[in-house]
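One structure, as structure tokens, below. Some questions next.
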Amino acid sequence: MTVALSSSEIADRLKNQFPEAITETKKECLIIKGDFLLDIASFLKNTPDLEFNYLSYITCVDYKDYFELVYQLVSTKHNHSLVLKTQCRQPEEPIVDSMVDLWKGADFQEREIYDLMGITFKGHPNLKRIFLWDGFQGHPLRKDNSNDTEN
Amino acid sequence: MGFRRYGNGIAKGMALTFKHLFRKPITTQYPEERLNVSRRTRGTQIIWNRDTCIACSACARACPIGCIDMSTSRGEDKKLKVDNITIDFGLCIFCGLCVEACPVGNAIFLSYNWEYAEYQRSKLVLSNDELLYSNTKQVSGYYHPDVEKTLPEQTLLVNRTNRGKPWD
Amino acid sequence: MTLKTEPFVINLGPVHPSTHGVFRLRATLDGEVVMDIEPIIGYLHRGIEKIAEGRNYKQDIPLTDRLDYVASMSNNLPYVMAVEKLAEIAVPERAEYIRIIMAEMQRIASHLLAVGSLANDLGTFFTPFQYMFREREKIVDLFEMVCGQRLLYNYMRFGGVSHDIPDEFIPALCKLVSTMPGFIDEYDQLLAENEILLARLKGVGILPKELAINSSVSGPMLRASGVEWDIRKVDSYSVYDRFNFDIPTEVIGDCYDRYRVRIQEMRQSVRILEQAIEQLPPGEVLAKVSPRLKPPVGEAYAHIEAPKGELGFYLVSDNSEKPYRLHIRAPSLINLTALREMVIGWKLADAIVIFGSIDICLGEVDR
Amino acid sequence: MEVESKYIYPNLELDRDEGEVIKALQEKSQKIIPDPDAWLSEELNRNVLLTTVDGILNWSRRSSLWTVICFPACCAFEFIGAASPRFDIARFGMEIIRASPRQADLMITAGTLTWKMAPQVKRIYEQMAEPKWVIAMGACAISGGLFNDSYSVVPGYNHIIPVDVYIPGCPPRPESLLYGIEKLRGKIRKRSTIKEDK
Amino acid sequence: MQTSVTSFNPTFAFNTLPPDWPGNFWLHWLVFTIILIAFIIVSVIMFIWFERRLIGRFQIRLGPNRVGPFGLFQAIADVIKILTKEDIVPQKADKVVFWLAPLVALVPVLMVFAVVPLQSGAMLVDLNIGILYVVALSSIVSIGIFMAGWGSNNKYSIIGAMRDVAQLISYEIPLVLSIVGVVLLTGSLSLTEIVGAQNIPFILLQPIGFFVFFIGSLAEINRCPFDLVEAESEIIAGYNIEFSGSKFATFFLAEYSEAVLLSALTATLFLGGWSGPLLPPILWLLIKMFAVFAIIIWIRSTLPRFRIDQMMAFAWKFLLPLALINLLLTSLQIVFWPEASSWIIVLLSFAILVALILVWSKSFKPGGNKVGI
């Protein structure tokens, strides 16, 4: 069984390194500040007994007043997982750091989120629409994008 | 890599295809021979039963695409009755959710036949009496175990054998 | 002596015989050698995640069918598992077994297609493909018997499956299971040692272990690169912990290894099926669930080992009839990430084969 | 050969052009192209016996319908099912699936059509040499089906190209497809080439 | 100028006219040409039907069986349909080349048939340099193919055409060298005499030659596993991607008549041609042709395709040495051991063939590897 690491435990370890990074520790996930995302991610990836070398998925949820990005990290060596979240509270121009340099697997998923949610990933090498065509108006998965508009 | 095995593998493959030359073809020659489809088949028609329908519109609500268009009204005896039911078979995906949703259980069915094609788009929209059971439209056993028992057994490819050996 | 050549750009697809759907590869070639590629997808983007937000939980099941349309059963499963996790619905034991039987049959069917179309990409004139389609047809027959459709099954429900299996199902399945290994041997005879096939596949498109993990690749591709990672074992779901089976892995991670892993997995699936038939308990197949399901506020992620890789559904509920957000972790899309690294430097013909060996389904890539 | 940048062609211009083509097509094709069913009513009025030449031409055309590859999605597998040993479309001489539209006669539109794909499908249709036919296979091809209300799906191929035969089902069984093809044959049988040529 | 004879020189042709033919040269020429073209077209149609049915059986299905009895008219329907289809010339194509290409591909194949002996003496001209004529003309086909690829102005077609030229250059050499073995044994370049010389079919005396010739001819007619020119899964339809209507039909005809031609040539050179007991000679030839073609189909239905570099490597590193060794051995035998009993030669040749294949399989490496970019 993949063990879901308790987020409070990791939060304690992170507090030493990044005292201001953690906004909230829930039972199943760890919510951090967007500014520290890249640092924390590389810490999680490179710390020997954590070694989250596998990024299972990235997704984004639109909670109307903010976007929440969800990262599920897995370690294939220790077989444990952690859900990392960050909230993006600028609805106009949401910008998050790109994870492509750490995990190549983020490449298409970040493009997908950029395409469907309209979140810009800073540092992504090839950030452009992936599913929809150039010139498509809006970002369909946002809640303010009603379903019946044809474009 | 290379051909270190002297073309052994090629010869083996050729032997297998040659063996298949002498196996009987598994083709069903469709217009003349037909397979018995599954008893629960979700054929390309929806059959509506006017007599048992209580006009609750559960099927229309259950439909994921809203291809069932049902308008109801209160009759003189205060009972709901269906004024008009239209199903667009060009839109319908035959998922069977309407059949599952039916509270009476025998007002809407999927059909057992699947031979259905039209030259015109407009002819795919059927309504009212066209949806009723007829000689050309048989009821399928999907979600109707009682009907299921009356239907012929399905032809299975697994069961066909070649000279006593499993069909291959 | 070096010749000065000018690279040129060629579009493979979106309509191309061996892109398995509407996939487009903008490739820069230097003669026959691929200099660079850019996969362009989205030609089948139907907005399933958005549509799902507009329909209620049950109506979303048909949508999941159409993700990886060659493995519908496997797509139903994680979705209903995610909803069950959210709404805390218990599944009867018999239903769990039926689900596993279906999922494993689906794995065989999907791998048959994957191997068959890989052989097609190699240029065999449809013969292995036709032989494999014959076995797939047998499996499809059984699916049809259970749920009435041949391709898009819409079979699983919250708290079980929509129908119990008919009486004639188990004998037919036994027959299938008993003959299947023989057929897999035949495919091995036809393909595995063929020198031309070996020359085309061995050493081609190597995906090193580190890169595979880093690219979030999953499924047979990851295992071919030598990582023993199978959700059925590492994060066992349903009742998989009651079965004996191995995770086939290979070492190098070239096209041939990916082909081998698929063939081995079919054998393992047959093993699981044999055990599942033995253990199948009697009883109910569907727990009582309100038709207007309103799961409590929260989120859930359920994942399974689908034929193509780790298929997961991330579901957010706001206590209404409709899901607030449904994200699909599509293995095909993420497996594509590694394509560029594998293809560059190979010939055009190899690019096609490497692409074929990933085994993607465009319905799942684009959603 | 040195590759200059990490991605040697970001090619944003190309993407933009493609986007514009898609947009233009989308604006142009909001209406349904009427079914080419004039022959149905004409047939009653015409009541002219088809000539022998017509007979031979129609026989050859309906006996060798070569399909073009245009299989976006799910229904493709039922088409392949029809071509597989069990149903064997080759019996009708249709196993030659031409990848080049120039040499094909029949387009079986098996699968959902998105706006991104629509220009390509239109182009394939236009590249096919006359006479050509189109079968809309399955709900998505007829009306967009389950994805009818999606932001990126064309609600039916008949917004883009004229369709000759509609086969409902999601997907239709292989036999159902064969039935539809039989129906298309019926249509070809009644066609008069000599008269139609302008 | 006695040596510079053309085929239009009546006296020259008259000499080669079989004695039982009535009329003068022109009548013979006309009648026989018509017969020959009819023969080619009928056998192409039969070949197409045969191929589709047989491949169907290899794939445990039926194959065309609806159009006419046993589906025999299937190919006829196809031909009528293709011929009456709209003929599209792409706007950006090189018009002249595009128009000429199908003819350049078809005509040489038809011309080659002039020297193929259908039965004793039944041929248009019995050139004493028959084999040379065959080799020379059949390679013109690929100029037609290259014209098609170039003229279409399509990237896929140009890739296909390039592949074809590369393929032809590589495989023509082992092919010709393997024929030289036969010529050495016969002592003549005339096809009639080659048939006449086969007391034992040359496949037994020249197994290495046959092996090389057969594989080379597979490549020559672009058949699996060397069908890179049309490689459907890679470059769609190859050189003929932009062709439709009657031009495509011409290509189709050219392609299959090449298959007919090479089956006939294989039968003539190595299987004893029209000679055989009991049955009429023409039937023997047809049987042998169909047998050869059946093997080609069998190979097509089993084997995957080579990659381009592997294919080239196969020609240069595998077939060419074999052909050279064969040539050497044959000439040695003719010079030093002309009276050897043929059966000893047969045994020896097969032993050498097996040994060579074993040795070469060990050392031969097909194709290159990844190219560093």
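Chains here go by letter, A, B, C, D and E, matching the order in which they are written, and residues are numbered from 1 within each.
Please note the rule applied: a contact is a pair of C-beta atoms (placed from the backbone, for glycine too) under 8 Å apart; a residue touches a chain by one contact, two chains touch by 3 or more.
What you see is a predicted model, and the numbers here were worked out from it, not measured in a lab.
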Exercise for the section: Could you tell me which chains are in contact with chain A and with chain B alike? Expected result: C, D
Practice task
Could you let me know which interface, B-D or B-E, is made of more C-beta pairs in contact?
Solution key: B-D
Fill in the blank from the handout: By Cα centroid distance, the chain farthest from chain A is E
Handout entry: Between chain B and chain C, centroid-to-centroid distance (C-alpha), Å
Key = 25
Practice task
Give, as an integer number of Å, the spacing between the C-alpha centres of chain E and chain A.
Solution key: 62
Problem - chain C-chain E separation of Cα centroids, rounded to whole Å - result: 44
Handout entry: Residues within chain A bordering two or more other chains
Key = 129, 131-133, 140, 147
Fill in the blank from the handout: Touching two or more other chains in chain C are residues 16-17, 35-36, 42, 45, 47, 50-51, 54, 62-63, 127, 130-131, 134, 137, 152, 190, 194, 196-197, 199, 203
Practice task
Among the residues of chain E, pick out those that touch two or more other chains and give their numbers.
Solution key: 56, 58-62, 232, 236, 301-303, 366, 373
Exercise for the section: Would you mind giving me the full set of chain pairs in touch? Expected result: A-C, A-D, B-C, B-D, B-E, C-D, C-E, D-E
Exercise for the section: Would you tell me which residues of chain C are touching chain B in their complex? Expected result: 55, 58-63, 127, 131, 134, 137-138, 141-142, 144-149, 152, 154, 162-163, 166, 168, 172, 175-176, 178-179, 182-183, 186, 189-199, 202-203, 291
Handout entry: Touch list for chain D against partner chain B, complex
Key = 32, 35, 37, 40, 85-88, 91, 139, 142-146, 148-149, 156, 158, 163-170, 172-173, 175-176, 178-180, 182-183, 187
Fill in the blank from the handout: Counting only contacts in the complex, chain D reaches chain C at residues 1, 3, 7-9, 11, 69-74, 76-78, 80-81, 84-86, 97, 99, 111-112, 114, 116-117, 120-121, 124, 146-147, 149-153, 170-171, 173
Practice task
Name, in rising order, each residue of chain B that touches chain E in their complex.
Solution key: 1-7, 10, 13-14, 16-18, 20-21, 23-27, 29
Practice task
Would you tell me which residues of chain B are touching chain D in their complex?
Solution key: 25-31, 34-35, 37, 44, 64-65, 88-95, 114-121, 124, 157
